[in-house]
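Read the structure below first, then the notes.
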Amino acid sequence: MNRQKLTLLSIVGIFVILLVVRAFSGNGFGRIYVERGEASFVKVELPVLDAPADGDVKSEGVRSTWVDATSDEAVDFAGPESPRVAWRSVTPVSPRVYFEATIADEALQAALSTPFDATINGTDLGTALETWRLALLEKANAEAAGRAEPTVEINWTALHAAGFKRKTAITVNSGGDFEASLGAMLDAARAAGDSDAETTMVVADGKGTVTTTADDLAPAIGLSWSRTIGLWLAVIFTLAIFSFLYKDNPLYKIAESVVVGVSAAYWMVISLWDMIVPNLLGQLFPDFVQGNLLPGLGDGDPNWAYLVPAIFGGLLLMRLAPKGQYLSLWTLAFIVGTTAALRMVAYIEGDFLSQINATIAPLYQEVMNADGTVNGYSSFWASVRQITLVIGVLSCLTYFFFSVEHKGVVGKVARVGIWFLMITFGAAFGFTVMGRIALLAARFEFLFDDWLWLIDPTNQRSVAAAVGCLF
Amino acid sequence: MKRIVPLWITAIVGVVLIISNFVPWTRSWGEEATTWFGIIAAVAFVLGGGSLLKVHLKKISDRNSGWAYSMIVLGTFAATLAVGLFKIGVSPNPSFPDVPWSGDVQGQGTPFWWVYEYVFKPLTATMFAMLAFYIASAAFRAFRAKNFEAMLLLGTAFIILLGRTFAGYFMTSWIPIDGPFSGLRLEELSVYIMQVFNTAGNRAIIIGIALGIAGTSLKIIMGLDRSYLGGGD
Amino acid sequence: MKRSIPLLQTRSILAMFTVMVMISGSFAAPPAPTDVVAEDLPSDGGGAAIVTWTIPTGVDGLEGFQVWRTEAESETVSRVGNERGAALLAIQNQAYENEYQRLVNVEGVAPEDASMQARAVARRAVIDQRESVTPTETGPHGQFWVLVDTVSAETDRLQVGKLSPSNEYRFMVYTVAKTADGGVAKSNASAQTGMVLPVASGIDVKRLPLFFILALLCGAVLFFIHWARSGHPITIRKIAGLAAVDEAVGRATEMGRPILYIPGIQDMDDLQTVAGITVLGRVAKTAAEYDARIEVPTSRSLVMSAARETVHSSYLGAGRTDAYNPDLIYYVTDEQFGYTAYCSGLIVREKPAACFYMGCFFAESLILAETGNSVGAIQIAGTAMPSQLPFFVAACDYTLIGEEFFAASAYLSGEPDQLGSLKGQDMGKIIVGAVLIIGCLVATAAVVTGSESLMHAVDWFKDSVLSA
Amino acid sequence: MNLIDRMASLDRRWIFLMMGLAVGIPIIVIGITGKTLPEEPTPLAQAAFNVLDDLDPGSRILMAWDFDPASEGELGPMATSFIRQCAQKGHRMYFIALWPVGAQMIRSSTSRVIGGYYPDLVYGKDWVDLGFKAGNEAVIKTIVTDFDQYFPTDARGTSVDAIPMMEGITSLADFDALVNASAGYPGSKEWVLYAATPLKKPLIIGCTGVQAPQMYPYVPNQVQGLLGAIKGAAEYESIVNKWVRSEQLLDALELGGITEPTSSELAARFTENPAEASTWTTEAAAAAMSPEAKTRLIEIANAPIPGIFLEAQRRMGPQLVAHLLMIGLIIAGNVIFFANRRRGVSQ
């Protein structure tokens, strides 16, 4: 390695280190945030509304089904012994949501320690908490100064379950800040003998909640490492391919190998799950597929006619076998025969006849004005268009006519045909160039928007963070 | 035998499919055949994966130049296949949470989706985006107006390139839009070229191709053209 | 947001509505059509029936007729399902509302608790009353009817499409007339027709023109193949691109530089690759005669074997087997851009005097053509890829455009099958030209003279023959 | 070595750099200023819009997404706008894909538009994702006469019998229009040949620049609306954006008690000139409207168009500069070529 190369490499290296450091300090860039939660489901027996009287419905008019555990149905019909399943769920959120949640959290914390001076005398707990909530919200909003919108909630379901009642009359002298006032109000309610449950004010994700179950309210919005690493990987691959423009290099070759491996496997997986399982296995082994892979598939009997494509498919794979490769030709023959027949009819009907049909029109075109008179100017140009079109089609066909030498009149017509073809190709040239550039623009947008956070066309981040990476 | 069976398969499938276009009660035969075709096409993707495996395993065992890249191909192939086939990290379908394999392998958040989003997508998209650079370089170094035909081609390309952007509008906006020369405005001109000249040229090409395809298909179904069976026996 | 009620529901509501209108207005009702008969539409693809009736005489202010049909099975199922659903939902909502009001107003339960309890009661109500929901009343003849279409007063027949070929249908017709006070009155329902099964018939007559045209074109191809096979000569016009081959090869010999031949990036199952290999035979033969070196990197292993075979026989034909070197024809990689990178590297290194690109090309066309141009090679291309042709035309010295490429291949191969089918296709083009010229002239004459019959002729030809 | 020689032997990496800058700089400028170039729709884009607009709400539209990430730059914005128009109009959308990766394209475009801006639409009632099916044109050929054979389930594995909006769908003939976003084979050409021509159904095509010229001969008999390349996308996008704005204004006006035909007239006026909304609300004609309705009207009139519905129009910026660069490069290349040739002759 010579000195020049070394210098170049170290400059690139320093640049990369600076970039990474900048990305993960402050607002940074190239990060992906998600909201984590839990998807939980419960199996309940629901009354049937819309199915016909027969079918797979129990005679009592109920249907056993899984529903979201937070839905009304679950609350109404699920018992402690109902089967339950849960897993973690992840929803992506824009960085703006995370930034705003952080600001709102800070605003709420600050607001909680400001004084709350209202005297509560003989009102019920519900009204008192509502007054307190609104006052806190106002304070928090003032703290956030429009950069975020904090919310304050009272989780009455949890409080209710713990024994607190809205109608409990309380008397509190709320000297001190919001936090202390809340404690005092709930203490007063406890003193009334309603409950002795622990209550807390939890602040997370820009939301303050008064509840008894603090454990469930851990911050849900946060950095997703797997997706952030993915994003950087995507950037590395993008730049690796672009590096080929400078010169061929191992990084490009690696990226190329990855795309070969991944795409082959990707297509294989998709064709298996989207086509082979529902359309082939679902026909041959409906019970197995319905029970294990596609529970939504309707019931049905095996359709043994589908053994034919299964066998053809198997024969096709013989190509990989060391012997009997000729058997794959049987499948190839099926493919070729199908394609040939499909194309023969479709091209004659859709291309040949329809294109002739579209060209046959009067050479003299009349264009009417709104009042029913003929517009001479427009008619002239419409006729010119139609005549040009017919001349064009005929002369191009003459060029592609191989039985006669291109001499004399035929030669002249063919020459006109070539001109038409050249204009056609010119148009194709322009359109192709156009398309290629749009693709490049999309890649640059990815780099500038998703990674560097230089631009923010879809308002993913607050304005302050948009050009953050420059500073 | 090795050639007769495929020829018959082609002929029978071809004739049935053509007839099913004209004789309504045979239509279901045609439907059946085309559905099978789809399944076989899906198996072809499996074949693609298998061939890739074969080629690269051979490269590695032969220690061909660049066999290390073949290792990368195989590694990414195996990893993608594994997360996809075994639905690794895929949550079940919310309507059937008790069936573990019912989940959507392409759903957002699954490892298979991750491979798509962060590997497959940037790589394939960037590969094609590179063409913009090549086309620029070719524009400078290769596209020559060496004769009248080439001039016609490039001239049309210029009109389209300008007429399909704001530049065309900007350059010829001084031509009054309802005057007799409004057709000379670049954006109008590009529409005219597309709808008359381009349509005429492509129509002739399309008619020619349709005839060519009909001829070739006919030869294939009749067993006159056997090139798809490969040379030799 | 604007949403529509599902179509079926609308129709059944309409059905009930019309029944009601009919009853209320029956005192002034016009007579119903008689002799209503329905038949399966003959010679069609299935799913269509034809209904005929006799127009009642002496009806004042006759407006037209309404044709109705019975429901298909699936429509019945969905209508019953929808009606039951709506009824049960109404029961549920009513029960909820009653219970909620009772809990809040009478028992003084907090609203959030009340709604939960009320929901449970409402759902119980649905389960309890499930059996009590009965289907709604039917239309005339004890059936449910779906409106097919309304036709004008002079019409006595209607072709009904979009039926399911596996369902049986009955039809009935109403007379619609203006009443004296300007309103619209409907007759009683006509008698219902017998069951009609809109089956597919033996041959779809509408598609026969397509069949004949297909037969004509295929016949032309087969005839000329037979013609050529039985030894009749088939001439093909000179293809200018081929003449340039000699010039290019000659120049390569003069300059002592190699010739590069790229047969596209597709496998042998692509017609263009086959054509490319045929043209390679000619180029190799000229090269053998001039004693020029020809190099053929391929992107598929099958293409490599085919190319070796072809080049070998060309050298054999030129009597120069000694000069044939199979190592110059080799497989590079299947990878599109890997292959392209190799080829452009080769062009830069070896600076060939002539480059041939004959086959199926994609985006690599312009990279290759550009590199070839930069080393000053004579470039001749041939492809049928419409999107790549512009780049070859702009960057190469000669381009075989689309069919010209296939024609060149047919000409060079001299095979009667190829030549015959080319000739057959030429016949197709003659037909196109003739039809276009005659069609346009007749259409013009029709417009200029204003002749109705000419106009009908053109329309008939366009609608029945050219769009099957 | 004089200038011409030096230019002739210019390292192609300089040209690459020029192209990179020609595309990159406008993106950043447009991204920071948020301004896009004006669009004047051509008849073909307007025709595409009209086909979907003329259908009654609740029509069944088949949306075939036959493209992959490699062409998402061109087709993504079209897909977004197609969905937006159908969703706003209240059409029922059926998504299918003939490309393996098309399934992901369906997911990304639906989650962006329906998930982000039309959350009221119910899966299975207003839209359904039927996923990818292998078989290229054979898929189209089959579903022209029999839909269930190829699509026993949707992409989520639910049987089509259990999906409400699949009721009454037995073949492609039951759809009211076909919309196709296509990047090659199988794609628009196959939809024309195998579906639109035999069925005589309205077909709208959004395709890449490479395909577009070959689709023009099919207009208007076999293809009713054609959007070619990013320019077509930008035109259609601007039409849809304008229409959606006027629909929203119309809704707001009617909620406020303004009736037809005044409401349509006003909606059209405010779409053209949002500032009029604030002045109009002070007039006597608006007296019937409640203050909330007025605020809402003014808000809608002045609300910025969401960024994802301006994607194509933003990309027209880099497009413009890059086109000019291309023309410049071709001219420069030819000047050098002819200068060299003349010198060669004179020597």
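Letters A, B, C and D mark the chains as written, and numbering starts fresh at 1 in each.
Going forward, a residue touches a chain if its C-beta (ideal position, glycine included) is under 8 Å from a C-beta of that chain, and two chains touch if they have at least 3 such contacts.
This is a predicted model, so every value here is computed, not measured.
Contact with chain B and chain D alike is made by A, C. Annotation: A-B is the more contact-rich of the chain pairs A-B and B-C, by number of C-beta pairs in contact.
Distance from the centre of chain A peaks at C, each centre being the average of the chain's Cα atoms.
A separation of 24 Å divides the Cα centre of chain A from that of chain B. Centre-to-centre, using mean CA coordinates, chain B is 17 Å away from chain C.
Each chain gets one centre point, the mean of its Cα atoms, and the points for chain A and chain C are 30 Å apart. Work out the mean CA point of chain C and of chain D, and you get 22 Å between them.
In chain B, the residues that touch at least two other chains are 18, 21, 27, 34-35, 37-39, 41-42, 44-45, 93, 95, 102, 106, 108, 116, 120-122, 124-125, 127-129, 131-133, 135, 137, 141-144, 149-150, 153-154, 157-158, 161, 164, 194-195, 198-199, 202-203, 205-209, 211, 214, 216, 218, 228, 230.
Across the assembly, chain D contributes residues 16, 19, 23, 70-73, 100-101, 103, 133-135, 138, 141, 150, 155-158, 197, 210, 213-214, 217, 229, 231, 319, 322-323, 326 that each touch 2 or more other chains.
Multi-chain contact residues, meaning those touching two or more other chains, occur in chain A at positions 245, 256, 260, 266-267, 270-271, 275, 279, 293-296, 336, 338, 342-345, 347-349, 351-352, 354-359, 390, 393, 397, 400, 421-422, 424-429, 431-434, 436-437, 439-440, 442-443.
Shown here, the protein chains touch in all possible pairs. Residue ranges on chain D touching chain B, taken from their complex, read 10, 12, 15-16, 18-20, 23, 37-38, 40, 42-43, 68-73, 100-101, 103-104, 107, 111, 133-136, 138-139, 141-142, 145-146, 149-150, 155-158, 213-214, 216-217, 219, 229, 231, 316, 319-320, 322-327, 329-330, 332-334, 337.
By the touch rule above, chain A contacts chain D in their complex via residues 245-246, 266-267, 270-271, 274-275, 278-279, 282, 293-298, 338-339, 342-343, 346-347, 349-351, 354-355, 357-358, 424, 427-428, 431-445, 448-449, 454-459, 466-467.
Interface residues of chain C, counted against chain A in their complex, comprise 77, 80-82, 84-85, 88-89, 92, 110, 112-113, 116, 119-120, 123-124, 126-127, 130-131, 210, 213-214, 217, 235-238, 269, 335, 337-338, 341, 386-387, 389-391, 393-394, 401-404, 407, 422-423, 426, 428-430, 432-433, 435-437, 439-441, 443-444, 446-448, 458, 461-462, 465-468.
Interface residues of chain A facing chain C in the complex, by the touch rule stated above, are 46-53, 60-62, 72, 75-77, 156-157, 160, 166-167, 248, 256, 260, 336, 344-345, 348-349, 352-354, 356-357, 359-366, 390, 393-394, 397-398, 400-406, 421-422, 425-426, 428-429, 432. Contact residues of chain D toward chain C in the complex are 56-58, 88-90, 118, 120, 167-168, 170, 173, 197, 200, 210-211, 213-214.
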